[in-house]
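The following pair of complexes shares a single chain, chain A, combined with chain B in the former and chain C in the latter.
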Partner chain A sequence: MTLQFNDETFTGDYTFRNSKEAIRRFPFPFHEDSYMYSVNLEPHKPGPKGSAYEHRFDVDEHYLSEMKDRARVLNDDPLRCQSLPHMDLAGWDTLELIMTSKAEDYPDLFELHRDGNRWRWVNKPMAIDQSFTFLDTSTLPCGPMEYILRQTQGDFAILDHRENNLWMDAGMVTTQADWSLDFDIGMNFMEWHAPVPLAHQLGVFERALKFLLNLQQGAPVRRLNWTMTVNPNLDTSPENYHKWGPEKTTITPENVGEKQHLRVELQTLWRLPRSNALLFPIRCYLIRLEDLVTVPKWGRRLHRVLRDLPVELATYKGFIRNRPVIVEYLSQFDDGAPTSPGCFPD
Partner chain B sequence: MSAGTAKIAVRVAEVVDVNELVKRFKFVRRDGGEMPTFSGGAHTVVEMRDGATTRLNPYSLMSDPGDRSAFTISVRRDDEGRGGSLFMHNKVKPGDEMVISYPVNLFSLDLRARKHLMFAGGIGITPFLAQIKQLSHAGGNFELHYSVRTAALGSYVDELTTAHPDRVHIYYDDKKQAIDLATLLDGQPLGTHIYVCGPKGMIDWVRNTALDHGWPETAVHYEEFLAPQSGKPFEVELAKSGKTITVGEHQSLLEAIEAAGVDAPYLCRGGACGQCETDVIAHEGKFIHNDHWLTEDQRTGCNKIMPCVSRFEGRRLVLDR
Partner chain C sequence: MTKFNFPPSIASRPIWGTLEPRKGKAHLMIADAEGAEALIDLANAAPALLTMAHLIYLPKDTGKRYSDALAALKPASIYVGPSYDAAESRIQRVLSDAHMGLQIYLAGTEGLMGRAMSAALAAGLPLAAIQTEHRGSVARRMQCVHCKGITEDVTTDPFVCAHCGLNLFVRDHFSRRIGAYQGVCVDAEDPGEVPPQKELYS
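On to the complex of A and B.
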C-alpha cells in the first residue's frame, strides 16, 4: 500500500482536501433516498478492499494532519481527554486493541513487538519508536488511552458496563459533531442521548442499549451517523461554538458547493476483554458538496434525503438555516433518475 | 444481528480430578494461537456433541485472565442433571477436539469498588478464581468468604489459602462453620461491593441480608446460572421458519429450536442475559417461566418467552422464530 499523507489544515485557512481516491472511498451513509433513525448496526467485518471498512481502524491520507489538529485542540483544552480512575484497565485494553490491529492491518506503517509484557511500538508515519511495559503506566509518557489516541484518527468514548447500563467514563474527543466529553463524562447511555429528538419515542435507545449490553468480544459492530458542517472543521465542539457557529452565516448560493460539507461518522463498538468495558470509536469523514456530486448517485440521493428530512432532524443536526440553499444547489445534480440500492458508487 | 457467539476451536489439553465431584478441563487453541484475554467473572459456552444430542453449557473461566496460553474450567458432576456435566466427566478426554465460545461476562467486577467482598459456595468458587488473579496483578483489595461441604470437597482451598492467607476465609459445613454474614456486612468500608456465586439459597441469603442492612442494590452482584429444567414434552410452531417442533422431556426449547436447524440468538443459556428473548404470537396453555430476565408485566402479558430455560404446557404455542 502506498499512502500519501496530505499536509492540510482543519482551521484558519482550511486547506483540507480530499483526493480523487478519498472521494471514491468516502463512507456515504444513505442506502436509500430517505433517512430516519434506526438501530442500523451491522457486524464490523472487513469491507471491500480500499473502502473505509477494509480495516478495523481506517488510516487514510488525512492521518498526519488530523493528528496535528488533535494535538492543537488538546493543547488549547486539556479536558478533551478524560479518564475516571477506574478506567485505567480499559485504557490498556484500548491501546492493545489499536496497536495489535494497526500492526496487523498496516504492517508497512506500524509495528508491534511483544516479549511478554515488554512491548515496542513503532509508528513510522509519526516517527515514534516507544518501548514500554504493558500495564505499567509509568513506562509511557502519559496514560495508555491518551498515548494511543494521540496517534489514532477519530474520537473515542470508553463506556463502563455496570448496573445494566453504559457509563461514559473515559474518552478523547476533538473531532465531534457538537457534543462535549467534559459535559457527558460520567453520564449513562440514556442521559447522554437525552437531547436527540424523535428517536426516544421510537424506542431506538432502549433497543440499542439492550443490544450493546450483550455486545460480545470478538464480534464488533458498526454504524454510520451524519450531519452537515460548514468548512472542513473537525473540532465543531460546544466549547468552541462561538468560533464555528457564526460560519454558518457565510453560506451563499455561490460558495455552498465549496464550503458546505457532509460530515459522516463511522462508529464502531467493541467489547474490551480485560475491563469488560465498551470501546466506541467515532471516526469523522468530511466531504465538500462539490466533491460529493462528482459521484452522480450520491448527488441525486443527497438532494432527496435533505429535501425530505423532517424539520426536527434538520434543526438538531444544525443546518435548518442553510437547508434551502443546500437543497437548491443539490437539485442541479438530481435529474430524477432512479438510484441503485446500497451506499457505494455505481 | 446473527445468532450465537464467536467460537474458538480448541483441543482438550488436560483433564484433572480436583476431587470426587469436580474435574478441571484445560483448553488450548487447535491452531496453536493465543486465547483471547478476558475479564474475571466471564464464562464460556462449551459445545458438547453427545451422539445425536448437542448440549451447550456455560462454565465460568477460572484461569488467569492475562494468560493467553489456555482457558480452564471446572465442572461439578451432577448425577441428577440433564447430562452435560456427566458428559464432561465421563466422555471428555485429553486430545479431544471441542468448540467453545468467546468469553462473555455477566458477573464482572465493578472496578470503582474500594474493596471487593466475595462470597462463594461450592463450585461457585470458579469465577472468583479468575477475579482474584486479575485483582492480585493490579494490587486490588479483596476478601473472600468460601463455604465448602468438607475439606475433601473444598475445590482450590489450598491454592487460595496459600496464595492469600490474610484475604481468604474458609468455612466447612461438616464442622458446622458458617459465614457470619450480618457482622461482615456491618463492618465494611465505604465503597465496598459484594459478589456472591453459589447455590440459589446462598445467593438469596446474601442479597436479602445485604438489602436488610441497607446496602444499595447496585453494590450487590451475583451470578446464578439456571440449568434448563426437564418437563413434559410440548409442541411449538415456529412461524418465521415454518416449522413445527417437539421439545423433548430433557431438552430445552432453545435446544429444540437449534436441533431443527433454526438459527436463534443466545448468550448465557441460563435465563440471565436476555439475548434469546422470543415473541409469542399465539398460545393456548400456560407458560413455565424459569428465567430471571422477563418483567412481571411481560410474564402476565404472555407475549415473551426465554427459550433457554422456560417451557410451556398446553394445546398450542406459536413463536416468532
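On to the complex of A and C.
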C-alpha cells in the first residue's frame, strides 16, 4: 500500500486537490451521454483494482483531511450526528461492519483484534489504538456510531425497517448535498425524498423502496448520485447555505474550470445483522472540471449531459444560474466524437 | 369559511383529515381558534365522547366566540388558555400520564397540530392514535434551517426569521418530529435581493 494522505482543506482557502491517480479513479457517474433518474442499483461487489469500488469502504488520499473537516463541522454543529434511542444496536452493527471490512481490506492501515467481546481497534493513519468491550458503550469515548464514523469517510444514515418502510432514525452527516439530518431524522423513505422533483412521478422511489426492503445481509448494493458544487466544499449543508450560497456567484468563464466541481456520491446499502436496519453510506467525491476534462471521454460526456439536463433537475441540483458558463466551458472539450459505453475512461 | 382545500404537494407535507369518534377509555382533544368548530362537529356526531375527554383549547384571536359552546359539551376536563406555551406543561402531563389506547384529536391551525403532534410522538404515542382536522388560519409553523429557531403563525412567503432575522422562503417539506415546515434563506445567493412578500396560497 503506497497511499499518501494529502494535507488539505475543504473550507476557507480550499487547498483540496486530486492527484493524477485520484482523477483516474474518480467514480464518474454517467454511463451514457444523457441523464435521468432511475433505480440504478447494482450489487456492491469488489470492482476493478484501484477503483473506488475495489473495497467495501473506500479509503483514499483525502482520508485524514476529510476526518479533520468532519471534526470541525461536528464541533461547530453537534446536531449533525444524531441517533434516536432505539438505534443503539444498529450503531454497534455499523461499527462492526466497518471495523471488520477495513481491517480485512486495508491490513496495513487498520487492525481489529477480537477475543470474545473484548476488542482492540487500531487505526494507524489516525494514530488510534482503542480497546473496548463490544456492545458496551461505556467502554468507548462516545456512542459506537459516532465513534466509528468519526474515522470513516462519507456521510451515513441508518434506516430502521418497520411498517413496511425505512425510517431514517440515525446518522452522521457533514458532507451532504444540501439536506438536513436534523430536519429529516425520523422521516420515512418517501418523506425524506419528498423534495426531489420528477422522480416520484417516474415511480423511482416506490421501486427502490420495494427493492431495499428485500435487501439481504451479505449482499450490499450501490448506486451513484451527483450534483455540482462551487469550490471543494464538503459541507454544503442547508444549515450553512447562507454562508456557502454566495460562492455560487463567483463563477466566471475564466475560473469555472478551477472552481466548479462535479460532486459524486457513491451510495451503498447494507443489511445489518442484529438490528435488521439498513446502513446507508453516502460517500462524496469531488473533482474540478479542469481535472475531469483530462479524461477526454468524461469531458465530452459531461458537456452533453449538463447541456441537455431538464431545467427542473438543474434547478434542484442548484446550478441553474451557472449552467450556461459551465456548458460553454465544457463545449471546448467536446469535438462531437462518439463516446464509448460505460463510466470508465477509455 | 374555516375549511381550506390545501393544494396537492410533496409526500412529506401532512394531509389533514376529518375528526371521527373512536372507541377508547381516554380521549385528549387539543384545538385552537376555529378548531373549536371541528370539536363541536365531533360532539354532534358522538355526544358521549366529549364527556370522556380532556379538552385543551386556545382561543387565540377568536376571543370568547367558542369557549362557552365548548364548555357546554361537558368535557370531563376543560382548560381554556392564552397560548400553547402556557398550556404546554399541562399537555406534557396528560401525555406522560397516558396509557395505551389514548385517542388524540387535534384541530385548528397547522402550527397547533404540528406542535401537539410532535409532543405526542415524543411521548411515545403512536401516530395511528392521532387524528387531525384543519380549521381556520392557513398560517404555518416554520423552523429556520439555519438557526433552528421556530417562527409561529407565518402567513407570508418569504418571511423574516423571528430569531436570526434571515429572510426565509417557505418550503412544503415538513418534519413531524419538529412539528414544523422548513424555512430556507431566500437571498443566500444574492444577499439583499428578497422577492416581494406574498400571502401564502395567493
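Throughout what follows, the second predicted complex is superposed on the first by the 346 of 346 C-alpha atoms of A that agree within 3 Å, B and C clash if a C-alpha of one lies under 4 Å from a C-alpha of the other, contacts with A are read in each partner's own complex, and residues count from 1 in each chain.
The rule we apply is simple: contacts are C-beta pairs under 8 Å (C-beta built on N, C-alpha and C of every residue); 3 or more make two chains touch, one makes a residue touch a chain.
All figures in this text were calculated on a predicted structure; none of them were measured in a lab.
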| query | For A:160, is the partner it touches chain B (first), chain C (second), both, or none of the two (neither)? | reply | first
| field | Which of chain B and chain C A:190 touches, first, second, both or neither | value | second
| message | Looking at A:246, would you say it contacts chain B, chain C, both, or neither? Reply first, second, both or neither. | response | second
| request: Applying the touch criterion given at the start, work out whether A:238 contacts chain B, chain C, both or neither, answering first, second, both or neither. | output: second
| query | Looking at the overlay, does A:217 come into contact with chain B only (first), chain C only (second), both, or neither? | reply | first
| query | Counting only touches as set out at the top, which of chain B and chain C does A:89 meet: first, second, both, neither? | reply | first
| List of chain A residues in touch with chain C within their complex | 79, 180, 182-187, 190-195, 200, 238-242, 245-246, 248-249, 321
| field | For the chain C and chain A complex, residues of the former touching the latter | value | 10-13, 143, 145-146, 148, 166, 171-173, 175-178, 182, 184-185, 188-191
| query | If you look only at chain B, which of its residues touch chain A in the complex? | reply | 1-2, 5-6, 36-39, 41-42, 65-66, 102-105, 108, 110-112, 134, 137-138, 218, 267, 273-275
| Which part of chain A faces chain B closely enough to touch in the complex? | 41-43, 85-87, 89, 135, 160-163, 210-211, 214, 216-219, 221, 273-276
